[in-house]
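The next part holds the structures, each set out as C-alpha cells.
Below, chain A partners chain B and then partners chain C, in two separate complexes.
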Partner chain A sequence: MIIKINGIPCECEKGEFILQIARRNGIDIPTLCHHDAFAGQGSCRLCIVELVAGGRSRIVVSCVYPVDRECEIFTENERVRRQRGMILRLLEARAPESTEIRALCDKYGAPRFERFVRVDGEKCVMCGLCVKACAELSVGAISTVNRGVTKEIATPYHEPSSVCIGCGSCAHVCPTGAIEMSETRDSRRIWGKTFRLVRCSRCGAVIGTEEELAMAAERAGQEQDGLCNTCRQERIAEVFAQSYGV
Partner chain B sequence: MPVSKEDIDGILKHYPREQRYSLAIMQDLQRRYNYIPREGMEALSEYLGCPLSNLYSMATFYKALSLKPKGRHIIKLCDGTACHIRGAVPLLDGLRRLLEIGEGETTEDGLFSLELVNCLGSCALAPAMVVDEAYYGNMTLEKLPGILEQYRKEASGS
Partner chain C sequence: MKTIRVCCDTGCLASGSMKVAEEFERLSAGSGVRVECHVKRTGCNGFCEKGPLVTILPDDISYYQVKPSDVPEILEKTIGKGEAVERLLYRNDKGERVLRQQDNPFYAPQLKIALRNVGRIDPENVDDYLEEGGYQALKKALGMTPGEILDEMDVSGLRGRGGAGFPTGRKWRTAAGYDVFPKYVVCNGDEGDPGAFMDRSILEGDPHSVIEGMAICALAIGAEEGFLYIRDEYSLAVENFRAAIRVAEERGFIGDSVMGSGKKLHLSVVRGGGAFVCGESTALMQSIEGKVGEPRAKYIRSVQRGLWDHPTVLNNVETFANVPYIIMHGAAGYAAIGTEGSKGTKVFTLVGKVRRTGLVEVPMGVTLRQLIYDIGGGVQNGRPFKAVQTGGPSGGCIPESMMDLPVDFDTLKEYGAMMGSGGMIVMDDRSCMVEVARYYVDFLCGESCGKCTPCREGLKQMLAILEDICHGRGTMEDLDLLESLGETMKDSSLCALGQSAPNPVLTTLKYFRNEYEAHILEHRCPAGVCKELTSFYVDPDKCRGCSACVRACPVGAASGEPRSPHKIDPDKCISCGSCREACRFDAVLTKGKAVRKMKAGAGENSSGNGARDAAPGDGGFERGTAAVSNERGTAAGNENSTESGNGIGKAGFDAAMAEGRDGK
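== the complex of A and B ==
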C-alpha cells in the first residue's frame, strides 16, 4: 500500500502506525512519550498529524494510529502546527522546568499563552514511560500514585523501594529528564536509595549496580563475566583470533 | 480491629492467585479493617506475585479504598448537585462542629470518619447522608446530634 506523507509517496503495510512509516521515510514528527521499545503510550499528543482520506480530514495521533487505507498525511501544515503549538505550551505549563520541552517549543515555534497556570518546579508530564520501562525491563518498583491533579510517579508509600535494583531504566527513558539520578565514583542514587556500582574488570567502565548484575545473572541462569560490552567483544575477538591463528 | 497475618491470609485464600482479583481482595481488606493495612498490601503482593507498586497505584487511585486507618463508622455526606442545592454545605459545617474534624479526617476516639462524596445516587432523598450502610434522607441540622448519639451509645454499650 502507498500513502502520501507531505506529498511524498511512502510504502507501508496495512496496520502500521503513521509515526513508524514517517520515521522510516526520514520525515520528522516530534514526540515525547514515544519510545520504540515501549510503543503505544499515546499520551503526550505531540505527534498529531492531519489525515485526509475519502474526502474527509481529521487530526489523529500518529504514534497509535494504524493506517487502514490509502490516505494523505500532513505533518507540518498550518492546522497541525497550530494545535501542536497549543499542546506544547500546555506541556510546558505542566513541566516548566524541562529543558527538553522548552527546546521543542522553540523548535516548533509554539505561540505564547499567558493564561496557563504553571506547575512550579515540575519536569514530569505523566507520560508513564518510566513505569512501563521499569515493569518490562526491571522489577516494577514505581507506578502512578493518586489521581487527577495529585497524580505522580512514585515508589509504594513514597519510601525507598525494597525491590528497586537501581538500573536507571526509568531515568534513561524519561523524555523530560524528570527522574533524578546521581552518581559518585562508586555509587548511584535513585528513588532515595543508594546502590554500589560495579566496574568492568578490564577497563574499569561502570557496568551496573550490584543488584542489577545479580538480577541479570539470575535471569541468564549463569554468572556474568564482569566485563563491559566493549571488553566482552574484544575478548571474543581474541578467542577467534587465536583459534584461527591470526 | 487488630491486624493479624492469619486474618489477612484468611481473606486472601478466598481468591485464586490471579491479578484480576486484586481489587476484590483489596475491597475485602477494606471492609474488614475499614482501611487497607500495609501488612495486607504486602501479603497481597506476595500472594498474587505482582509488584507492590501496582497495588499501591490502584489503592491510591480509588477513593473507596483507604491506606490510612478509618473510624469505626464512616459518615458519607453527599454533596452531589441535588444534595448541594438542598443544603449539604450547612450539614457539612454541622458535622464538622459536632465531630470536631474536617472532611477526610477521623475523630480522636476512632469512632467516626467524615467523607464528602459526589453523588450517592439517592437524589430523591436529598440532602442525603450515609453512615456505614444506613441511609439518612431529607437530612436537617436538627437530626444530626440524634443520629451521632445513637452510634456513640451503641459503642459505649458494647
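== the complex of A and C ==
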C-alpha cells in the first residue's frame, strides 16, 4: 500500500502507524511520549499530523494511528504548525525548566504566549513514559496520581516505594530528565529511597542495585554471575577460546 | 381495589416520601379504610420539585408535596369516597386545580418511551414490570435471528442517548460482524454532567427494562457477559439494579439459559469511583478492567477491540431502555416519532432558573422554547431568560435568539452546542456567562483525566484566564487566546471530553461576547455575579422600605428606616447579592466596582507571568487594567475615583480577594 506524506509516496503495510512510516522515510515528526520499546500512548500530542482521506480532513496523532487505507498526510502544514506550536507552548508553561522543550519550541517556531501560567521549577511534561517503563520492565512502583490538572507521577502516597528496585528505567526513558536520580560510589538514590549498588566482580563497573539483580535472578530462575555485560562477553570469549584451543 | 403510588425516587425521598409511604402502609392496613387499597413505592415521576408525589389509581388523581400528616385525609376522602383533596392538587398556569397528571402542563406535552414504566411500577417487584409487558420483547427477540434484530434496530433509527448519537443498529452490527469471542455488552450508567439525572431515574425506577435491552443486544451480537457501570454516588440505583439482576436470574430471564433458550447471559454491576471521565467509553472500559480510568485513542473502535480487547458494545442506560419498546412495538412506529435524523424521544432534565424543574421525555425535535416555556413554565419569578446550557460541560450556552431551534442530535451541534445527554440548565439575567464558562472549565480541570496535553494544560490556562477576567484582570487579547486554545483542544485532544471541553467557553464567547467585554473594558459584571466587579445599590424610586434587604444582609451593610428608601454601605458590602435576592421590588441594582489604581507602569503588560503567580495583592491584579481603567473608568459609572489608587489599601484588597476565594 502507498500513502502520501507531505506529497512523498511512502510504501507501507496496512495497520502500520503513521509515525513509523514517516520515520522510515526520513520525515521528521517530533515526539515526547513515544519510545520504540513500548506501545504508543498518544498522550503528549506532539506528533499530530493532518490526515486527509475520503474527502475528510482531521488531526490525528501519528504514533497510534494505524493506516488502513490510502490517504494523504501532512506533517508541516499551517494547521499542524499552529496546533503543535500551541501544544509546545503549553508544555513549556508546564515545564519551564526543561531545556528539551525550549529547544523544541525553537526548532518548530512555536509562537510565544507570555500570558500562560508557568509552573516554577517543573521539568515533567506528564508524558507517562516512566510509568509505562516501570510497569513493563520493572515492578510498577510508580503511577499517575490524581486526575485533571493536578495529575502527577508519584509513588503510592508519595512515600518511598516498598517495591521499587531502583533500576532507574523511569529516569532513563524520561524525555526531559525530570526524574531525579543520584549516585555515589556505593549507592543510588531515586524516588526518595537509597539502594546499594553492586559492581562487576571483574572490572568494578556498576551493574545495578541489589534489588535489581535479585529480581533479574528470580526472573531468570538462576543466580547471576555478578559480571557486567562487557566482562561476561569477555569471559564467554575466553571459555570459547579455551575449548577450541585458539 | 385502589392503588396508591408513592414516588420513592432519590428526589422524592429527599423530600420525605419514605415517611409518606410508611404512613400510607400503616394506616391503610388498619381497619379505618373501607375500600381495599395497596401502596406501591415507585420510581421517579419527573416532577421532583413538587415531591413527594402521590398518585391514586384508578381515579388518576395526583397529589404533590404530600406530607405524612396529609395521609389520613387522602385515605378518608380519596380512597374512601373517591373525592379529591383540593389543596394537594397541582395548580396550573390559570390557577385551576388539576386532577390528572395529563392535565398538568408539566406532563401534558410529554411522550414517555424510555421512561414508560418509571414512576408507574415498583422497581423492586418484577411482577409489576411483567404486568406492563416486561420481558415480552426479549421473548420476541429470542424468536428472531440476530440479523432480524439488527434490521429492526437499523429501521428504528435509534441513536446513542449518551450524547454522541452514534446509530445503535450500526454499532451492534459491526460488533456482530466480528468472529472473536467472548463479546461483551456494557451499559454506561456513569452519568456525570452537572444537572443531569435521567439515567439515575431509569436505573432506580425501571432497572428491568435496561436488563432486557442489554439481553436483546447480547442476543444480536452474540455476547454472554455484560457489565453495568454505575457511579457509586447512585447508591439506590446500584441497590435496585443488583436486586433486579438477582431476580431476573432467579426467574430465568437471564442467566445460564435466557428464558429457557439455552443461551447464556450473565450481568454484573461495576461501581464507578466518581470520575467524570469514566463516562467516556474507553476510560470506562479501562476502569472495568481495573486500570486507571484514562481514555485511549479510538482509531480502533471498541466494537472491534473493547473490553479486554474483545468486541464490545457500549450503550447508555437510556438507549438500552428504548430497545425493548422498539422490539415490542416495531421499529417503524418508533421511527415515526422525532425528526429526520433523530428518531424517537429524548429524556431531558430541566433545571436551573426554570419554574417547573424535573425530568421530562419529549419527541426529538421539539424546540427549546416548547421545553422551557410550555413544559418548564418559563423563567422563575418572571425574570428575563438569558441562556440555556445544554449538554453539560461538553455542551454550550444557547441564547434567546436560538430558542426556536429544534432539539435533536444534529441541529444544536451546528451552533457549537450539543444536545448531549440531555441536561438543560436554564439561566436568567442574573447568571454571568463568563462565570458560567469559568465554572465548567473549573469542573473539567478537576475531571479531565489529565493524560493528554491540550486538555490538561489547555484547561489550566483557560481557567487562569477566565479567573482573571472574572476578577477584572483580563484583556481583549485574552479572548483571542481563549479561542486559539479552544481550537487546539478541539482539534488535538485525545478523547471527546477534551475535544468538547472548550465548548462552554467558545459558545459564551460567540453568543455573549458583550459580557466578556463588559468585564474587561468596563470592569463591570452585567449580571452582578462576579464580586470583584460588582457593587450593589438601592434605587430609591423603587424601594418601598420593606427592610427585606436589611434582614438578608449578613454584614449589616444594608440599612434604612421602614417605609423609606434604604441604602447599602459600599465599604461594608461584600457583594454577596443576598439583598438583591431578597428584594421583591427589583430595587437593588448593580454597577461596576471602583477599579483600584495600580502601581505605575503596571498597565504595560510588563508584569508578565511572574505577577500572575504572585500572591494576591502583591501585584497579581496589575496586568493591563490600569491603562484601561483610566480610559473607561468613568464609562463604567464608578462613583469612586479610579485614581484613588492606594486609597484602598493593600489590606483591604487582600480582604476582598480572600472573600472572593472563599466564595468559590
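Keep this in mind: the second predicted complex is superposed on the first by the 246 of 246 C-alpha atoms of A that agree within 3 Å, B and C clash if a C-alpha of one lies under 4 Å from a C-alpha of the other, contacts with A are read in each partner's own complex, and residues count from 1 in each chain.
Everything below uses one rule, namely that a residue touches a chain if its C-beta (ideal position, glycine included) is under 8 Å from a C-beta of that chain, and two chains touch if they have at least 3 such contacts.
Just so you know, these numbers come straight off a predicted model, no measurement behind them.
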{"item": "First (chain B), second (chain C), both or neither touched by A:N146", "value": "both"}
{"item": "Contacts of A:T155 with chain B and chain C, given as first, second, both or neither", "value": "first"}
{"item": "Touching partner for A:V163 - first (chain B), second (chain C), both, neither", "value": "first"}
{"item": "Touched partner set for A:V125, first chain B, second chain C, both or neither", "value": "second"}
{"item": "Contacts of A:L137 with chain B and chain C, given as first, second, both or neither", "value": "neither"}
{"item": "Partner, of chain C and chain B, that touches more residues belonging to chain A", "value": "C"}
{"item": "First (chain B), second (chain C), both or neither touched by A:G42", "value": "second"}
{"item": "Residues of chain A that lie at the interface with chain B and also at the interface with chain C", "value": "143-144, 146-147"}
{"item": "Chain C partner contacts - residues on chain A that touch it in the complex", "value": "41-46, 48, 58-61, 64-66, 79, 82-83, 86-87, 90-91, 93-94, 113-118, 120, 125-126, 128, 143-144, 146-151"}
{"item": "Chain B residues within the chain A interface of the complex", "value": "38, 41, 50-57, 60-61"}
{"item": "Residues of chain C defined as touching chain A within the complex", "value": "275, 277, 292-294, 296-297, 299-300, 444-454, 456-461, 463-465, 477-478, 481, 484-485, 487-488, 491-494, 605, 608-609, 612-613"}
{"item": "Of chain A, residues touching chain B in the complex", "value": "131, 135, 139-147, 155-157, 161, 163"}
